[in-house]
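Encoded as structure tokens, here's the structure I'll be asking about.
Letters A, B and C mark the chains in the order given here, with residues in each chain numbered from 1 onward.
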Amino acid sequence: MPSKYRNFRNSVPWILLFLEVVLIILFYFLFSDNDAPVSTIYPAFQDVNHMVIFGFGFFLTFLKRYGFSSTGFNLLIIVLGVQCSVLIEDSLGLLLHKREDEDAAVSMTAVVISTGAVLGKANPVQLILMAVVEIIAFHMSRWINTTFLEVLMMHVHLFGAYFGLAVSSHFSEPSPRTEKNASTPKSDLLSMLGTLFLWVFWPSFNSVLLENNKTKAIYNTYFALAVSAVTAFVLSLLTAKDGKFRMTDIHSAVLAGGVTIGYAANIIEYPWIAMILGLLASGIAVLGSYCLQRCLHPALKIHDTSGIHFTFGLSSVLGALAQVVLLVLKEWTESPRLHYLVMIPIGAFCLTISVALITGFIIGLIVNLKLFKTTPVSKYFEDQFYWEFPHLAVGF
Amino acid sequence: MPSKYRNFRNSVPWILLFLEVVLIILFYFLFSDNDAPVSTIYPAFQDVNHMVIFGFGFFLTFLKRYGFSSTGFNLLIIVLGVQCSVLIEDSLGLLLHKREDEDAAVSMTAVVISTGAVLGKANPVQLILMAVVEIIAFHMSRWINTTFLEVLMMHVHLFGAYFGLAVSSHFSEPSPRTEKNASTPKSDLLSMLGTLFLWVFWPSFNSVLLENNKTKAIYNTYFALAVSAVTAFVLSLLTAKDGKFRMTDIHSAVLAGGVTIGYAANIIEYPWIAMILGLLASGIAVLGSYCLQRCLHPALKIHDTSGIHFTFGLSSVLGALAQVVLLVLKEWTESPRLHYLVMIPIGAFCLTISVALITGFIIGLIVNLKLFKTTPVSKYFEDQFYWEFPHLAVGF
Amino acid sequence: MPSKYRNFRNSVPWILLFLEVVLIILFYFLFSDNDAPVSTIYPAFQDVNHMVIFGFGFFLTFLKRYGFSSTGFNLLIIVLGVQCSVLIEDSLGLLLHKREDEDAAVSMTAVVISTGAVLGKANPVQLILMAVVEIIAFHMSRWINTTFLEVLMMHVHLFGAYFGLAVSSHFSEPSPRTEKNASTPKSDLLSMLGTLFLWVFWPSFNSVLLENNKTKAIYNTYFALAVSAVTAFVLSLLTAKDGKFRMTDIHSAVLAGGVTIGYAANIIEYPWIAMILGLLASGIAVLGSYCLQRCLHPALKIHDTSGIHFTFGLSSVLGALAQVVLLVLKEWTESPRLHYLVMIPIGAFCLTISVALITGFIIGLIVNLKLFKTTPVSKYFEDQFYWEFPHLAVGF
């Protein structure tokens, strides 16, 4: 048994090294023309980069024995994924005659969200495979949307959440008696640090995500996030047994408003609409977590470590729905008959979620083959399986 | 007894929900005109937002068992307060024909500082009431200053500190034997994280606070903060018993320079003046903490959990004084007789501090009525009174 | 013995106060001309400031009992150093008729790196002396480079690393049995927070460091950092005994790419070159740490607490080498004979490293005189030697 793990471990560096060498070679062939334009929108790229590296890295540290892996593997996945993403966008850009460099960081959000669903259960090789395939699938789905449906919306949270859920359905559930799948007050506080970091950067993120009316997008996002946070506190109390706040509800629900408004922040005219969307998003996140974890997930055998289904999945479904409703209302007020164009965002939504679920399901099957030597359930949520701990055990 | 607490807890979500619905309705009526201009100064708004959410959230985590409440309630108070603040500023803006959206985040600093004085003692209902009333009182005092005295200075730290102190004078003191009102090295380090975050953003904050000469304001603030930090280390050693640094002194005094210089950073000509102000501010913060905690506070029965009186209160009195002296000196060098205009900033200062103390005293009385079921002294500084703790107790 | 320490402690505040008063007086004489121009590049200054105060402050918190000193003394050293640095640059600027205000924060990086080498071993007086002398020596070496060799390159990491190593060679080694020189999972995680903060700000830092082509510098730095992070994970596994990642390798190697690329990020044409440099830098950092700590350092009696030799020293040697190679290749393709101008960056490199080693060696001798009452080896890496700990010891 130990030799088997050692074998697995011995393969990790070579897989990583092989991947990196392939990436460098591809960069050599693709980026060696002298006229490669360089994007000038650094502040936006920097804000998104802070969010995915620092914000998500600490957002996922809530597991008490998985802090090293949460932040470390998050960094590893992102830097690999950004390189793939830049390559793919450039190849597509050569076809489409446009390039958007900051999108490479934005599309990593999908990967980071997906890894949240299998946090503590997938080993690094599985995570790397997942990340590379997801980036390719995401860009494929996005390319179809852009080319055939002329929808520029990125659907990044939606894709990430449902891809992650589809993958996680193949992983064994942790034994319910284990206490490793829990948080400590200190790890919850570090996770709060990541959450607040994500919260304050979310308006910037949505302004990068949406093509036009960036200032409107920022303010609508801010109002949605504010109401979302208030509603998170309200519903956390209402669903709790003895009238106490639950930190996990706060973590997930304060961000739900930002996800939902990410679809329509630039077309919403008045802040009260953004505020109502924030309220609904937070409601769906907390009530979804309350109901689904009791009914749906056990039936579907999905174990979603970080609750990404409620924070990102359901919120983006609501956001996509809200976007369609707003478009319909707008067209209705202009000329009272439904235009067929309204069907296009619905088509893009269905396509994205289908690609995410199908590719996620397939990659979930593949990474659980014996070949990838999956982590035994007893070693789930355990930093010491992957990291050297020179520290005294008592100091933990 | 437990049923009474349950009753209290049951009221919190409905109060929050009611408030949020009222806010959305008010936004509906106030912000539904199509010509609502949108501010374009996002970077400034973002910097201030980072400060109040992230910086103050972690600045206040020094209590060893109150980290969840410090960061969580801080977020709740701010998002509620910003919504109120935007509404009030818009209503006043309709009167005054100008709107400044980033001011909504700036004025939240006053509320955050006030909550620091009752940190660990006030329950969420009390905090919400405090925040809403304080925002109204602050805007009232500011409106009087702007309209009648033509003083644009925001006095945000001054108002926050003395409002908070007036409120805290009504709360029972914690029993001196309790050890919950203490910090651990880990919580002190997290608080240092918040302090450093505030420290690096303070120049941006002062440049938002002051109307003109923003670059000069930034550099003067930086120099004042630098000298303030050095002086904090010096005086911490001089006032300590056995020549060791005290972390609480560092936390409070490194920021004092930024508060003091917030009054005159844009009119100071030479960096050495800013540096001397930083030195004086830090001196007042450390020596004030040393003397007042021994003499004045026990006499007045004020228990100021986070030492906001020294960090923000005394420093802003010094800043206001410095501003007047600088104005007098400037006029004196131009024409050697005292102009009556010098009296105006003094009037604005007195008005602000009076409004803060009076409204603070009244709201302190109100929130300590039986109706609001104040937290028993034995449950002060205790996260577990408000938050579910699914974690093992030993893991704390 | 205790009275001796008390004596030492009694001298610290007076030294600091004297220094601060001297600085204020110098600022009075140097900055009181009305035509002092004020730099307008605040965002760059702010980014660098975040890095040195917040990023390095937490990067150095990995020692389990030295978190207060790591963040606290880091702040103290930087604020003193920035004031000295502004003064020196202004004096040189009067000679050279130009001033660059953001450089004051950049040059502090050298001091922060040097303190990393003696982290936990030097007392505050020694740190202050080191910082002041290093700033003067660094500006001297930079002035020679700029004036006589016309090299604008700042060599800030190189100078910092070798100055620090030369100083640390004079400090006694900690006894190998001590466990204080270790980290805990929590302190490693806090250090990861600082590392990620540095990582995300590194592209901004390099764009400040390099004079022209700032956008190219940003993207090349990002790619180098990304490959550097991947390589860090690869080599950490390959050099470890039982195929587990080592957190210290990750901390040091993820940044190595950014240091190396800091020399040539603006002249590299294609991202694949930046990526290969990132790979080499990370390789040198991890393998250097593996080999040198076993062979060279024990022989030279250097104990380098934070591994700055691998993270910053070797990486910047590689970067300087890469810069020369790139320049040679460029000239060779233009006209195939070696121009004598290629010797100039080599000269600047040798000069910088010599000044760093010599001044570091001398100041190391001076601060270890009896006069400065060095910390006894038994008190190395111990916060309690410098800070009051009102907390319960068990709560640590």
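Just so it is clear, a contact is a pair of C-beta atoms (placed from the backbone, for glycine too) under 8 Å apart; a residue touches a chain by one contact, two chains touch by 3 or more.
These numbers come from a predicted model, not from an experiment.
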Report summary line: At minimum, the number of touching-chain hops separating chain B from chain C is 1
Report summary line: The angle in degrees, nearest 5, through which chain A must rotate for its Cα atoms to match chain C is 120
Query raised in the report: So chain A and chain B: same face meeting same face, with over half the numbers shared, or different?
Result: different
Query - Averaged-CA centre spacing for the pair chain B and chain A, given as whole angstrom - result: 35
Requested in this report: Enumerate the residues of chain C that touch no fewer than two other chains.
Outcome: 43, 186, 193
Requested in this report: Show which residues of chain C lie in contact with chain B when the two form their complex.
Outcome: 5-6, 9-10, 12-13, 16-17, 19-20, 23-25, 27-28, 31-32, 34, 38-40, 42-43, 46, 49-50, 53-54, 57-58, 61, 67-68, 71-72, 75-76, 79-80, 82-83, 101, 124, 186, 190, 193, 383, 386-392, 395-396
Query raised in the report: Touching chain A in the complex: which residues of chain C?
Result: 43, 64, 179, 182-186, 188-189, 192-193, 196-197, 199-200, 203-204, 207, 215-216, 218-219, 222-223, 225-227, 229-231, 233-235, 237-238, 240, 242-247, 250, 254, 269-272, 275-276, 279
